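Take a look at the structures listed below.
Here come two complexes built around subunit A, the first alongside subunit B, the second alongside subunit C.
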Partner chain A sequence: MFVHYLDLAWRSLKRTPLVSGLMVLAIAVGIGITMTSLSVYHMMSMDPIPEKSDTLFAVQLNTMDEGNQWWTDDDLPQQITYKDAMALYKADIPAKKVPMMRTGFTVHMNNDQVKPFLEGTRVTGRDFFSMFNVSFKYGDTWTQNQEDTIAPVVVISEQLNEKLFGGENSVGKEIYLDDNSYQIVGVLNNWDIHTKYYDLTNGAFNNVEAVYMPITQIPALELPAWGNTNGWKYEMIDSYQDRLNSETFWLQFWSQLDSPDEKIAYENFLTAYLTEQGGLGRYTREGVSFGLRDVNGWLEYNNVVSEDNRILVGLSFLFLIVCLANILGLLLGKFLRRAPEVGVRRALGASKRDVFKQHLVEVSLLGLFGGVIGIGIAQLGLWGVRESYSYYSALATMDLSMLFAAPVIAISACILAGMYPAWLVCKTQPAIYLKTQ
Partner chain B sequence: MLTMTNISKVYQTEKVQTHALRDFNLQVNEGEFIAVTGPSGSGKTTFLNIAGMLENFTGGQYMLDDVDIGKLNDNARADLRNQKIGFIFQGFNLIPDLNLYENVEVPLRYRGIKAAERKRRIEDCLEKVGLGSRAKHLPQQLSGGQQQRVAIARALAGQPRFLLADEPTGNLDSLMARQVMELLEQINKEGATIVMVTHDPELARRAPRNIQVVDGKLADFTLYQSREAVLDTANDNKMKSAVEA
Partner chain C sequence: MFEIKPIFNALLRSKAGALMLLIQVAITVAIVSNAAFIIQDRIEYLQQDTGYPEDEVFSFTVFTYSDDIDLIQKFEENETMLRNLPGVINAVAASEVPLSGSGSASSFQLDADPTDSKSVRAAYSGGDENFLDTLGVSVSEGRNFNPDEVIVSQDLSKIPTVIIVSRAFLEEMFPEGNGLGNTVYMGPAPLKIVGVVDKMMGPWLKDRAADNYIIFPFLQPNNFQKFIVRANAGEREAIMRQIEDIMLEDYNKRVITNVRGMDEAKANYNASDILMMRMLVVLIVVLVLVTALGIFGLTVFNISKRTKQIGTRRALGARKSAIIRYFLVENSIICTAGLVIGSIAALYLGKALLQEYSLPELNNWYIVATALFVLVISLLSVVMPANKAANISPSVATRSI
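Moving on, here comes the complex of A and B:
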């Protein structure tokens, strides 16, 4: 019977091409706009590393004197000091942990064939890549020895490798960062994450870095931080060493804790560490305070998906409702004009339920057409967003789930809009129309 | 087969209460051909709609094949209507977008009959009304008489035991009306019970049984025999002459 209803629906649409076209257009525009904002929202709020987001933890330490406040909900700074970062990095637990910060260099090849250009660089530990599931196209991360001996080695992105070496295996080759040459030890595969969750201080949706180097280069090169540096008290910082020893927060720190037991052990360790630091007179504070947030908790804590985005999605759904209200009006007109035919069908044995189902199939078909065209409009909208704001290039896309969601939302919305007209037409008394046809 | 006891139907508006039927009592037996006559607005069509379960009645009892219709919900009534009742309307009421084949198919689809069986029945019925070769035509490509024959084919396709016809010849000229009437008579002879509302006394007289509805009541109840039957049974020439006259 469903196929028969589909056939009837198709005939009905063909019988009134203008009204049907208007309804499809209305739902398509509504769906197009809704799916544009919903897709961006979906990408923003999506788990960026679902396979291990619950085992990666951002570490926060409160190393401020009692009475100092931070602008976070729990008064914890999002970053930590250099000395804490290095102390935690050198600790025995957990097995995998990385301090990190963003800096940058002028990249060139010390020849006139490549015009120098500025690239963001992540200075971090050698486990960064395995922790955040970044795979290598060529080579591997630097060795512990290279990190300890501050060897001039780097890992570069696939895009940078393409730009400088035409995509060939560049491991062992040299590039120049500012005035120093560095040996390439690894080339990453394309790493395309929509949310740069491991460092939200430079914008949650910026691209990942093109160059990676050992954390030990920070003091050696006296690297500036391309990110936030926050202090909570007055400190005389005249030299880079002063900066390293200061209580300012400018590094991010992540630990991988694979089990609840590991997490408990690490919490105990952090408690002991902060107690010891307090005891050393670094700060005056009753008790200890720290934060361990997994990836999704970290995104939520930092309001990566802002209230504005939610409002935008809400507004786009309101627009869809306006479109549906128009469709409802058109459907009312269309269906009620068909009441005489419904009367005949009822007289010939159709139950109210049969009539209701027939009309719902018709609105579903409208929704399907509207949804498919709506996907096209949404793609156009997302293309517009990408063209207007490069910041959104990874976000303004529609993944498979959104592609499937579009027709489902469209059909559901149409069914919602069509229920009242369908109910109205199915409850009309057939006898009224049989005589008047 | 059909028994209506004290059936009443009241149409209620804010200010006016209209009694379309009151104390309506009727028994229809299997295989009867009944003509229902009466002035306009007397309640003939209301009676037919109630008989066909297209309208609810306000009071009384309506039994169809021992089933108390008043106790059935809408879906059960639709099922029963689909299985037992065929309708023929004055305005034919064919669905304009569907060709003849598809129009005749409508009640069969609601009954859930398989495609092969549907095809057989549709072809049989269209053949029976002389339109077998026009199955793919649309209703508007046919004359009024042909459309009414399609409507009869549609009513017959479900093999109903009870055929309700509301002025089936009202929109037809006399020649076509006669053809349709002959078709109905043939169907009745094959076993279907027919109740036909008509304004045409000539047609009414052809029905073996004739009832009259006035002011919502079965005011008169006359048993007619068809002209041929009277002629067959008349045993004197005087009576035959009177009938022929």
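Moving on, here comes the complex of A and C:
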């Protein structure tokens, strides 16, 4: 029966090419515009590490004097001081935690073949890769001993390995960062995350770093932060040691807490730590305040999905409603004009239900066509987004779920719009039409 | 004379179609007026005067990775070299570049003692006495830095004692107008204001105090050093293309990055606003088109449904103009109702956006203008099918089907 209805629907569409074309166009444009903004929204708000997002926590500590405000909702700075980062890193719990910071170097091979270029570098702990599920193509992360002895070792990205070594196993080889040579201990697999959730301080959608090195290099190399350094009081900072001892915030810190018990234990630990630090007279606060947010909470807290994007998604759904009203109007006309034909079918024994179903199949077909063309329009729209804003280039794409969503939204929208006209038409009294014809 | 009553009665008999048209018109007005307002808001923001000749200025970053040279001396040489390039007006090594989206800010106090002192936040940058000229701005009151005031040093304990400020900062700090020659404090360090620039914006256009900018006669040559160059507008692109080679030829243990014009840097910083604007423009255009097509389609359908009646009216002596008028009036009735509802919806949508997001309050003229615009579009999309209807021959009425 369904196939027969499809056949009827196809014939009906062919009979009124102009109106059918208009309807398909309306739904296609509506879906195209909606999917464009929805795709960007979807990619922005998508969980970047679904398998672990509820066990990774960004740590925030309030180590400011009472009364100091921050621009976050709860007055907590997003980053922490060097001394706190190191203290938390040396603590016994939890098993996995990493301090980190972004810096950068001139990368070269100390020869004339490779023109020196700048690369962003992440300085962090050896557990960074296992915590954030980054896998190795060759080699592994540096050892604890290498970290403790400040050994000149680095892990590099697949892209950098491709660029410098043509993709072959480069573990054990040397590269130059500024004027020093470093030994490569590991090469990562391509790490494709659209949101750089582990460090949102300078652009949530920037690329991940190409070079990784042990956190202990910070004091050894006196590394500058390629990120924000924020202070809350006047401090005389004349030397790098002053910076390390200062109350300025410039490192990120993440802890992996696998169970609610571990989280409670860690909260108790942080409370004790902050109470102790307050007691040492570092700052004057009543009580302690800190933040532990998991990955999704962290993205939301940092307003990763832009306001503009929310407005656009809202407006494009309103736009879809306009398209639907448009289709509803046209369908009313189209279906009611067919009332005599329906009258005959009813007289020949078709039930109201059959007539209703037949018309819904017809509008679903419209929705399907519209949805498919809509995907094309959305691709065009996303291309436009990528062209005008390269920063969004990884975001302005449709993943599989969005590709499926497009026809589903189109067909459901069409069915919604088609219900009323289909219901009107199936109420047709056969007798009236049989009489006049 | 417009036969409103019979048209209205006829409309009541086919309510659903008219209702759909009404909804479309209403939503269109609500969206288009708000979107147009957001677009206008962004255009104003993007086209604001920054004080700088953006098409003449460009900047680049020098990353020196070797310590075997004296950076102070090298950058001094490089500044001279850049200034001597044909087409270049001036060049300077600077700590921050305005409009670039990256910079430093601090609060400045009225008194040395920070407690209870009035404090104003401002972004700041440093460079020598060529800084202002390189940016294409000039001191309107007071004076530029004297060469002997400029400190170029690695030693952070040498601090400058004079500053040049933007008019906006001066007026916020000294609303009485006695700012020039007065002293402000950055921490404990006193800074005398020697000059005022009427308009020079800081690094972040979206900052609450984007106009507050302070220049220090100070440079700490760094292995991550920014340079600003001003060239004749026509020659800027050519100079930008050569700059890497010129700088590397002079000394090659460094990387030249981020060579970009001030206008490009600004567009980059504002890319999300430009994107939002483009998407809204597309949305408006397509929305109006879809609504127009909807009206067109519905009129075509109405006419085909009423072919017989139209023929009868024509046979009974109605002029062609009367037929066209009928459809125009019918459409106007629906549209007017839609426009009224849409305008109210636009007001509410505007209020909701205002509350939820950082948008200014919707200007009501946008609603009026949009309503008129949508009315014109709707009438235009009726005219063609109505014309066709007017050409229906009276004989149609007398024919039996």
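Before moving on, here are some points about what is shown:
Operating definition for what follows: the second predicted complex is superposed on the first by the 436 of 437 C-alpha atoms of A that agree within 3 Å, B and C clash if a C-alpha of one lies under 4 Å from a C-alpha of the other, contacts with A are read in each partner's own complex, and residues count from 1 in each chain.
Heads up, the rule we're going with is that a residue touches a chain if its C-beta (ideal position, glycine included) is under 8 Å from a C-beta of that chain, and two chains touch if they have at least 3 such contacts.
These numbers come from a predicted model, not from an experiment.
In the overlay built on the shared chain, the residue A:Pro430 is in contact with subunit B alone; subunit C does not reach it.
Contacts of A:Ser316 after superposition: subunit C is touched, whereas subunit B is not reached.
Touch criterion met: A:Leu348 reaches subunit B, while subunit C stays clear of it. When the two complexes are overlaid on their common chain A, residue A:Glu307 makes contact with subunit C while staying clear of subunit B. Of the two partner chains placed around the shared chain by superposition, subunit C is the only one that A:Val385 touches, whereas subunit B remains out of contact. Contact with neither subunit B nor subunit C is seen for A:Phe2 once the two complexes are overlaid on the shared chain.
Subunit A has more of its residues touched by C than by the other of subunit B and subunit C. In the superposition on chain A, no contact is made by A:Trp71 with either subunit B or subunit C. Shared-chain residue A:Ile33: touches subunit C; no touch with subunit B. Of all residues in subunit A, those touching subunit B in their complex are 1, 4, 11-12, 15, 340-341, 343-354, 429-431, 434-437. Looking at the complex, you find that subunit B touches subunit A at residues 45, 49, 52, 54-55, 74-75, 78-79, 81-83, 87, 89-91, 93-95, 97, 106-107, 109-112, 154, 158, 166. Residues of subunit A touching subunit C in their complex: 18-19, 22, 25-26, 29-30, 33, 36-37, 105-106, 116-118, 178-179, 224, 234, 236-238, 306-308, 310-312, 315-316, 318-319, 321-323, 325-326, 328-330, 332-334, 337, 381, 384-385, 388-392, 420-421, 424. Touching subunit A in their complex are the following residues of subunit C: 16-17, 20-21, 23-24, 27-28, 30-31, 34-35, 38, 63, 65-67, 114, 156-157, 187-188, 224, 253-255, 257, 271-276, 278-280, 282-283, 286-287, 289-291, 293-294, 297-298, 300-302, 304-305, 353, 357-358.
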